[in-house]
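Chain naming follows the written order as A, B, C and D, and within any one chain the residues start at number 1.
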């Protein structure tokens, strides 16, 4: 037998399945009976020239999410079993699964006045980001952590955690987890904890911050590196100041920003300088009024939330207006860029640590004005 | 509102969906309209107490695979487009997808006399393991690599490769790849190369072996660590000798084996001592006649192939007889153990590097006689 | 020939040299003529049972150092060639070399009113610690860095740096470098820079602090790890607060201190979580009034400076009273412990990163009350 | 006071010491009384523009060493206390210390017929290299290791070891250790062991080789990385074959050698791919007849031994003829190059791991014809 002509092999296989006569049909039936599948009929789909994600680039509007979350607050109790009043972004390309992207979970969680979400722990890594509101404490392995606007709060895998609302007002925030990856790869463990949180104290600063929240300093009682960051709360005050300084340094002609008018920080584990958790990267981006980013493609997926200001995102060539609280997903290899009306603040989380640790990360950079701009392909 | 009773929250949510009256129905319709999904109705499924894989522990019989592969050799050409005459294990729990496990691809590839499989490259990591036969050379980035019984041959991501059969006999072997992970996480790139292989030479040893195949020695021209192993071929001669020595050392009372009567080696990247490729671990296990392993549960999934001898595997409590060439899958957290009739040789590959790099690996060890034996839970 | 009796071989060798008759004398003369030396006559000295440092545990009094530095300020100009008005601790055990320990340099540097110390750079790693005073800026690779009481200022290898005093008062501080190691191992490079500092601005915060001094945050413009810390100034405000919080947490019953009443931080490189420079570790220790540390022996050497309070150090069994500014050295494997009269603050630097990177670090812990206390030997 | 003129500061300081009048003399006396030393009088020596080693580039002739070693065999017993009949290269620049370079010890060790060198262990890392002879076994942590021509044998820190000669012929070999570094940095520990070796068996292969000496394979019983290589013996057979293959590959037009006609391997720890021990690098170099290397300068020091063939080394511009067994030292930053008469085989060891781990390594490459050739400066 000689090698088939290029075009024939794949489609030929497909054709044969249908039209290929009784012998081929018998072969394919044999495959099916033995739990086998040929490569040649599906190679194209399984191994595309570049990532062809099923997940969609999609925008969710915060005011609609919030309204539905409020309604859920009226109708659905929070408690043991369901555990959380969290409403997840279900990517329209992923067939109804409660997944923002193949690897990432993003949800709005809503806690009514005086409510408690009971304690549990799971192997899945989790964080909360607070786009508005205050008055809730999350208790992580017994350490009460205040949740306020602009804060990033971590609940790394296998840490017990519950939440309680001290106030007469409801509060809602963004939950991010690696539930989809964990479900896909069968890595999850889950345990119930206390029905109430173990400590109802409401300190301004968690013990983790008091021990770890000093720049460039490490307690001698904490010399063993930890898989995830030991800092439970990354406060808005620090994030805001870091971004402000980057833009001021840029004005002074110093290298400080990612690109003109675009300041950004990554939240890191102070014991390693690396990502806060092994499967999730968290960053904060700020654009000056009128600034625009280059267009990037990256292997791996992200979720962004607008924290302040107004602007646009261009996702796969389509432009979307964005306001405070709005969320959007960027699937693998979909080109994206941001532009700011006035000052524009965005929180971002992604599965980049997965891609980097498995050495499949790639980034492609186009210029801010499209393919004419400076380009680069890093692998 | 107070916290719901433990049982009510989750099931209650479900109930409410159906029976919850018009208000709840309206809420859930609102979720659907906005591409949202509540956590509380599916928390149990998404976050089980321990991994609850959909993938099945399943055994495929080599003689049946081989017969179907032969038949495909008669009926289906190999060539550009379909690229390879490879027939993949389709795990019965994974809905017909050509996946041995959620992360791993395993296929029998069949190349007829004098055939050539054209060159291509892809971001996906690949290897071949030869359970029987000889006469094919795989050409990896221009380096011709002989394929013979017992050899492990690597084709790390983005290396061009094609195969050609020099003989008048067909040859079949096991292909292993991370296609399922790559497809899931949208990390794949693919490029066609030469329609013929770039070098039809048939040396006994590849250039990579001549440069890198000397124990404990590293060429000064190769001081930069590589993501994947630079060794293209791991020869049976070395594997067999390493296992033989372990069993002899055990007889001499020296620590050498994994457990009594169980020798094993891991194939490694000599530049790091770590796994041969960032997403795939490869090992070879040998049991003495009559020996049995402890029962293990591990996070992550594996595929085994019997290379020689006869024995049994107990998978999730069910015992299967095994002969040369037979393949079986071990999904995440399914207990497994092996026992040997006579000498029993098995090749294994797994996604363990993914689990370890993302810090979700766990192993649970039961004794060879079940839960009464020594136990351990490592995390 | 049979093996010699234990005692005879070494000393016997020595004896033979002198009294051993003409044949042996001829042999030893032959060695000398060929630039050879026998091991057996000096094995004991070269390879002692445990480290037998020539360097002494010694205390230097700040008020005496300061008075001599003042006098040098009157008599010795600062400028190109000599470069710095720095007066080094010369360990009495090291034969007059300007070395505090075999690996570490410690000096008091004195800069008169309006003086400038010209710019240069060297492969040697350097830092300054300010025990008192203010008004000097050090300019590191063009970035002006304020020097104030309690601050640690870094000048990692091959960074240009100069200092200038803006005030009408002199200022003195502690310089720490790895000059002895560099001189010993022949690793040093040196280059002159500008005769004046390149930037006479006097900002409160260096650009490095504005970019890097935010806890748990890393600029996206600084994702490449650096060998030494990118933070030029570790401010007293942060160090003091970190130590205060550790003692408060201890009072609340939380794990935070090294041992009862003993708070401590390590200064770290935020890109890695490791030491600030590859050859020098820097730490700050605070003891509550009345507290005492355990007695430790460590491989490697340290220099301490008292920053505040009064107390004692016990060095190799000998007790020394300490006041603000006093310095002392701890050679390898010499047992040391601290006790506080009132609150007791000490800055410490050491060659511990060298010991750890070369895998020769060992620590032995005795109890605070001597050998009856809890012990440990870590290797 | 204003800054001094460049030339005046340093020399001025010196001058002042002598001629500077009573005030300065009093100041310097004050320094001396307080164990202090000024920087400005010695900055030039302590911090030269580039490394200015005291150690000399020097050649020792094997036949002279061997003759003296034989004579020592007649006159000096081997046994407890002196421990070894080892005669060390004493670098003529290092004031008579038994140091080949500031960091490295190199000695010829001589063991007479049927002699035993008793067991001991020390924190110092050690190896033996055999330039000629056979018949001795070294017993490392109880594992008997045959010593034969061309073999490298390891005794990493804190491994018990002794040697015994099974034959009626004496045997001599090269010992390499980090004694000078250990003595300098006060890191050494030493313990006596058994007066006789613990196992007088004479197997062809050590247990360590049987477990670890298989290319690209790692025993599952040895998954924990080790600080030093677990391979006790690197056999000539493998080294020779690796070098032969590199030269053959070069002839085939493949990249394999360091530079034209210059093959080289590094001995590595298979658990990491890095150096065999944390303080010592070991390599083997082979030049084709007539080949010459580029001229290199490197931070750190080396010792070479000619294992076979004849050629020359040019050290700091001076050419030396070399024959089998000859040894020479290359101090830090001294330019060196090799040229071969006929085939030329050299063993090399160095302190390069120290330099790299402490980030002070630099290499400067000149062309083989001097400064006109291609250059490079890597830092």
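Here is the rule we use: a residue touches a chain if its C-beta (ideal position, glycine included) is under 8 Å from a C-beta of that chain, and two chains touch if they have at least 3 such contacts.
Note that the structure is a prediction, hence the values are computed from the model and not measured.
Enquirer: Taking the mean of the C-alpha atoms as each chain's centre, how many Å separate chain A from chain D?
Expert: 52
Enquirer: Could you work out how far the Cα centre of chain C sits from that of chain D, in whole Å?
Expert: 28
Enquirer: If you average the Cα atoms of chain B and of chain D to get two centres, how far apart are those centres in Å?
Expert: Using C-alpha averages as centres, the distance is 44 Å.
Enquirer: Which positions in chain A are in touch with at least two other chains?
Expert: none
Enquirer: Is the chain-to-chain touch network here best called a line, a ring, a star, complete, or other?
Expert: If you draw each chain as a dot and join those that touch, you get a single closed ring.
Enquirer: Going by the touch rule stated at the top, which chains touch which?
Expert: After working through each pair, the chains in contact turn out to be A-B, A-C, B-D, C-D.
Enquirer: Can you check the complex and tell me which residues of chain A touch chain C?
Expert: Result: residues 207, 210-221, 223, 225, 229, 231, 234, 238-239, 241-242, 245-246, 248-249, 254-258, 264-273, 276, 283 of chain A touch chain C.
Enquirer: Can you tell me which positions in chain B touch chain A when the two form their complex?
Expert: Residues 1-13, 16, 20, 23-24, 27, 30-31, 34-44, 46-53, 55, 58, 60, 64-65, 68, 71-92, 96-98, 102-103, 107, 112, 115-116, 118, 122-124, 157-158, 179, 182-191, 195, 227, 278-279, 299-301, 331-333, 351, 353-355, 357-360, 362, 379.
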